[in-house]
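The same chain A turns up in both complexes below, where it pairs with chain B and then with chain C.
Take a look at the complex of A and B:
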């Protein structure tokens, strides 16, 4: 179902109906994926909140199984806390657009938001989510939040507050029709990958069987995302515009909405746009904007010229941090990383690509880890430009004859204020030429780094194999020569062995170099 | 007798001495140069040339190193050392064995691998050939022979042969009178080096080498050697080393002219050249195996015309014959006008002819008319 239809129906039916019909696209499809989506919504909210507040994140995630497909998910952070009057909107109103108007590369761009989890929990168990939060001001608030499905408004119950010295937010959601395991689409995998891409966060996961895993911080640098901007007209999608029009803007005309809510749109731009889409459309009340009309506006904007958005809002992990994180978490024998300079696509949307590669050691098999703004992309791998770029690179040139047979993790993070997703599912990056080419260039740059390593490894393997052959021949040769000379076999063996060791001294040097995990 | 035996002992001692020097050099170089190698002449075709002056196919002086620490050489190096060690056993124990025996003696699985020391007799054979060139002794002096037994001889000659004692005692000496042998003649032993075979007396005027065993029997039955006072030899086709060695010795020790008789076909003519100039494979042995003064008696295509054989004896040349003929035209030792004429004739007339075809006239034509006529006319090819 296209997003277009999704919105058309949204107007006519209740949010419950809307949610049911669009579960797939909102990430609540299979049992495993539903749980992963729920974890994603909470974890990305927590990380975003910490970063905005300049706090080193510390997350605690606990998943307990009540019975069968019935689970409880609890996510707690040490973030800034949520003011009690905002809590209902965050957890009890779908498409509230709390994040949307801020033009920063946040994780929350992906997915439906925490209220989606409330909806899902409510639909499968009939129970509210429980929220506990405090801004560290000595008061802790707790409340149950549900959604009034007819009006798409929050219902708050059992609200209470009490004194306490704690800061952060803890959400507990009970849901059915979910499943926990450690498969590649699982919540476990999501958390593991999140930890890799967020080395400044400490994340604890308690699985249903009680197993506790802690991913410790490998970076103590606070990630700050305080450069707030507005959406850029070149990066805006139709559903973005629809959300703006219906849920965010206070403007009474489409033209003034565009001027106030978008970056780099001024009177001149509006005049130019008027020639392309007509005056009537721009005079319309945003609340009445139809999907097809929004589409016309977005298409027209794409033909126009705008001042480029500034690139300093792009927050990369950084090559050094990626290396440290991969090294600490995956214990590979070799690691390389590249963070490219920002580029623009579609005439002005800034983005940047970073790539990490970890090889051998504890790394077993091939794994591609895709990220958009540090948030793991687990689904729709085949449709993603990252996957296509990885497959298009001739890895043989870099000493990996077949990725599938190699022990290698390829980590790709695309950072942008507007990640060009393939679909509303937001799990695959579209293969826009500029983006695709930049990902390829980053992969190849990393490839050049790993070639030095793979070359050394293959040289070492070759030398080692040769040396082994000679070591097998050596006793035979010693015996034969000792027999001819009527001399002590041990002495002959010693002489030949020492010549052999001399010859293969280079092997030792190589071993040491590789062992050091050199660049 | 004492002399004869001590000669063998002296050679054996020299071989053991040389083996030791060879092995010591390897160890000393390993200590000093940190390299484990042996130096040996390159035996590939590129290092073989025709020595016009001596009329021999010779090995050039290009040397190569075989390095144990080079994985590409290591196996060959090991094989050479294993064979060398086996030779030491043979010489010390005073026994002789075949190439095949040596192959099995050194063949075993290398501990810790699934690999055998040798997988093909050719590998151990090559190792022995390499040792011949490095040690300066021929294989027979290293107590190793090939299959042997192909060669036969009869005629006015007295031969002494050393036969090793099975219990390691003093060897026996067996004497043979070449005029007093059965239909099989004297079987040329696998080793005909002077240490083992002594030619005591020769009363012949020349040596007649007959390519084919069956034709040789004709000559023997007809006591050709008696009538024409010669020694008749056959190598039963391509001659083995002891047969060639003996022909060589008869020529050089007793100044006997050597005449060779083969089929009139490219293969027969090539066999003649092996007796005369040596072979490419054993080029390093040419000086002791080849007899450059040997002359070719027949058959030739000219003989067909001269002796007026009927056209029934002609065998049509096949593609292989023509190919071989072309190759032989390129050999420098066949670049004589007489041979070029024969090549041209054969190519033009397109046939070959066997020695046995002389019987088309009558049995014994070859011993009664053809050979005597050739000897009379001294009509030999170079």
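Take a look at the complex of A and C:
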């Protein structure tokens, strides 16, 4: 019977099968974007690992073209290395990792990235990725990793280990259906922007034509991304509380669970909460907590006062570092930067916004550089709250009559333990009102700094225009003055000319000062 | 040591945890869109089930507002029902279903939809979805289904069965963080557009204010979606062939595998292939097929000739049905429709495009209605190949000087066994050249039909303008003529007036004919 047959076909699929069939969801769409995605996944993992381990990152990226759309990507870092028993799951299993469940502002969030590259590599070339890693303990491990797509489990081949003094991880992936160039969506652009937002990292890129570019570090301060946040009582949902109660906590009472698992909940808060929801509920075993009870707790928490979510888990680049980095990398005439104080969205998720602006000098045209936790966002520009905020600002007020016609780079970095991405591609930040408004505020604060510069520039332009007019009329003026004063025309001309040149010299001095040292 | 701790946190996650944390990827983003997504998932499943079972669909959708952002959604169909042992996995497990692995032009493709709604419901209200189903065999089953998110496994409660004469499935989901209205992204608009593209379905919608709308069927032809396609040799990738060889086929030789699993491969093709890749390879056991060997086969297949992919798996609405549906639903003055012949993209995936145009009458303003396999696409309009194709057509040539100022609905349905969506949200079709060009061709073919109408309309406008001028000058004309002919002015006026009215009457008749019966 047809009806029975329909359900005879009912099957279950692994998440690897799903993403293999929908690889565009992971960023493997066009040829250029696929390569950029692969570079992005490896580079983010390397930077995250270095920062968690407190190491100044040193990355080596090499892209080789075998023929046509067939490339090899190698990324090596000086990070902490990966224990050999963990390697297979990092590179050979989707949805496995250290970052998914922790409140920490890492670049990666989902435990898909590196394994996604493995899947793409094996889909297009049938080959495994090759991993070499050592924890600096005298032993180097190498192995080939593939994914058994039907089961979403790693397949390891050619594993070997040998003595050696080195620390870090090196991954090599062979891919087809990719393309390298230097366009604005390319791996090159991705690396360039990564270097800009990560001045503590030294990054080397070797392009397929052999050209080697090194972005040297401009900051020697170790970035530490090792603090893990806790959810704030004002940001927690009923569902979150249920998950904590049933899967996470080891506490035996709801009251101690709230104290242990949430931020800013102490004895006082528990006493206050007891008045609102009753003692019985707080004495309950979390494993027995019901939805309606959790809902009562969440509603009660919302009526209470707590100190703001702690924001020390947020790792900003810092205004000074942004300015140094923009200066070194873009050679502009003027830079300004702002790192705002942390804010909170959805009641409990901390975030902060930093903005840098680089103008004139070697900066040609307008460029918006978007970042989330220092990771460049190259795609889906239109859908991003950063773009929308930039477009909403009245730049004229700050002396830029049209962004499109100005020589200006606007650099925006949003830092958060949970970046609210629009989609799986993680390329656009959703326009959550608190986040959008804070980006606008940061842009306007930067705008006010720019204004000093743009004002000076326009004053200078006026003065120079006046000087040009004077120069133009100098001969006639000299003649007229000579007649009135009954003086020698040549002498008058000489006096006026040297006065004008003197003034010009002072203008030049003034002009050179513009930008330098300015905020 | 910090290094060890890093990996102590290494964990694996279920796909349910992943999508719970990234629910926006499944379409649960804004309040309006979340409700539309839930309606979409249930409605698509109901229509797919009816069509697979050869049943004329009858859907009942009821949306009730409990308070604020808290709603109940009920969707009932007269479909084939679901066996009680399958129900838990349909509604309580992500990535389980009948559609993922088959080449069939269904609305659902991924086995996520209905379980995604369950997850959203339980995340926002803590409640299960309630399912009632019967296969029409005298027994009705009811149960509550939730998802154990940590394991991506269903949890079933309150299961019961009782005798009853009914066939179909009814799902009830209680959700928060949703919103109902009639905006252009709303559940209402989704249902309205679904009705338009599915004239064989009767759909009833009861809105929160109790207002009941019934879209009656305008076609009584059963739509059968029960033919399953096979991959075409020209569209197959090396990875596809490896999957067939290692996971799918029961054939013992590569040659018989190719004949069984691929379309259009017969004895002749195998003989030709043997000359290109050698007999040994074709004699091999598929289980032993290596990547390089599969690559040789795929490359050889690309040099050979095959009949075009069979396209009888594609189920179109049909031009006549589109016209009837647009007429009934939109009450336009003029309709035209085109169903193009099937084409193939990426060498082996069949697709076809149909276009309907409705103009004037009750149609006010411009509206583009996009569909994929009869499912309305409401979001991500800008990213869609349909939008891009519509914007690329020079409508002036077809008598529409500006789409934005015209009263016109353009209806586009793309049918395929694999719709190339841009992203997980399944709301935009990627601009693959073959697909884009075919959409354009269909629009232009429709445009040529419109031209007859727009031409008549503009001729009519000219005639009416002339009449108006004559009317205006009638008194003066009568006076002048009376003098020349030496006739009574009143009489002349009378004659002219009645001649003009006669002409006007004929114009009216002509005008009424425009549109009616036109293509």
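Note that in this section the second predicted complex is superposed on the first by the 390 of 519 C-alpha atoms of A that agree within 3 Å, B and C clash if a C-alpha of one lies under 4 Å from a C-alpha of the other, contacts with A are read in each partner's own complex, and residues count from 1 in each chain.
To be clear about the criterion, a residue touches a chain if its C-beta (ideal position, glycine included) is under 8 Å from a C-beta of that chain, and two chains touch if they have at least 3 such contacts.
Just so it is clear, the structure is predicted and the values come from calculations on it, not from any experiment.
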* So which one touches more of the residues on chain A, chain B or chain C? -> C
* Go through the superposed model and pick first if A:53 touches only chain B, second if only chain C, both, or neither. => second
* So, A:294: does it touch chain B (first), chain C (second), both, or neither? -> second
* To do: Using the superposition on chain A described above, determine whether A:82 touches chain B (first), chain C (second), both, or neither.
  => second
* **Contacts of A:214 with chain B and chain C, given as first, second, both or neither** => neither
* Is A:150 touching the first partner chain B, the second partner chain C, both, or neither of them? -> second
* Once the structures are superposed on A, label A:477 by its partner contacts, choosing first (chain B), second (chain C), both or neither. => first
* **Contacts of A:22 with chain B and chain C, given as first, second, both or neither** => second
* **Interfacial residue positions of chain C with respect to chain A in the complex** => 2-3, 6-7, 9-15, 17-18, 21-22, 24-25, 29, 49, 52-54, 80, 82-83, 86, 89, 93, 95-98, 100-102, 110-112, 122-127, 135, 149-150, 226, 237-239, 242-243, 247, 291-292, 294-295, 382, 421-425, 430
* Structure fact -> chain A residues touching chain B in their complex are 466, 469-470, 472-473, 475-477, 479-481, 483-486, 492, 495-496, 498-500, 502-503
* **Sites on chain B touched by chain A in the complex** => 19-20, 22-24, 26-27, 30-31, 34-36, 68-69, 71, 74-75, 77-78, 81-82, 84-85, 88, 110-113, 115, 117
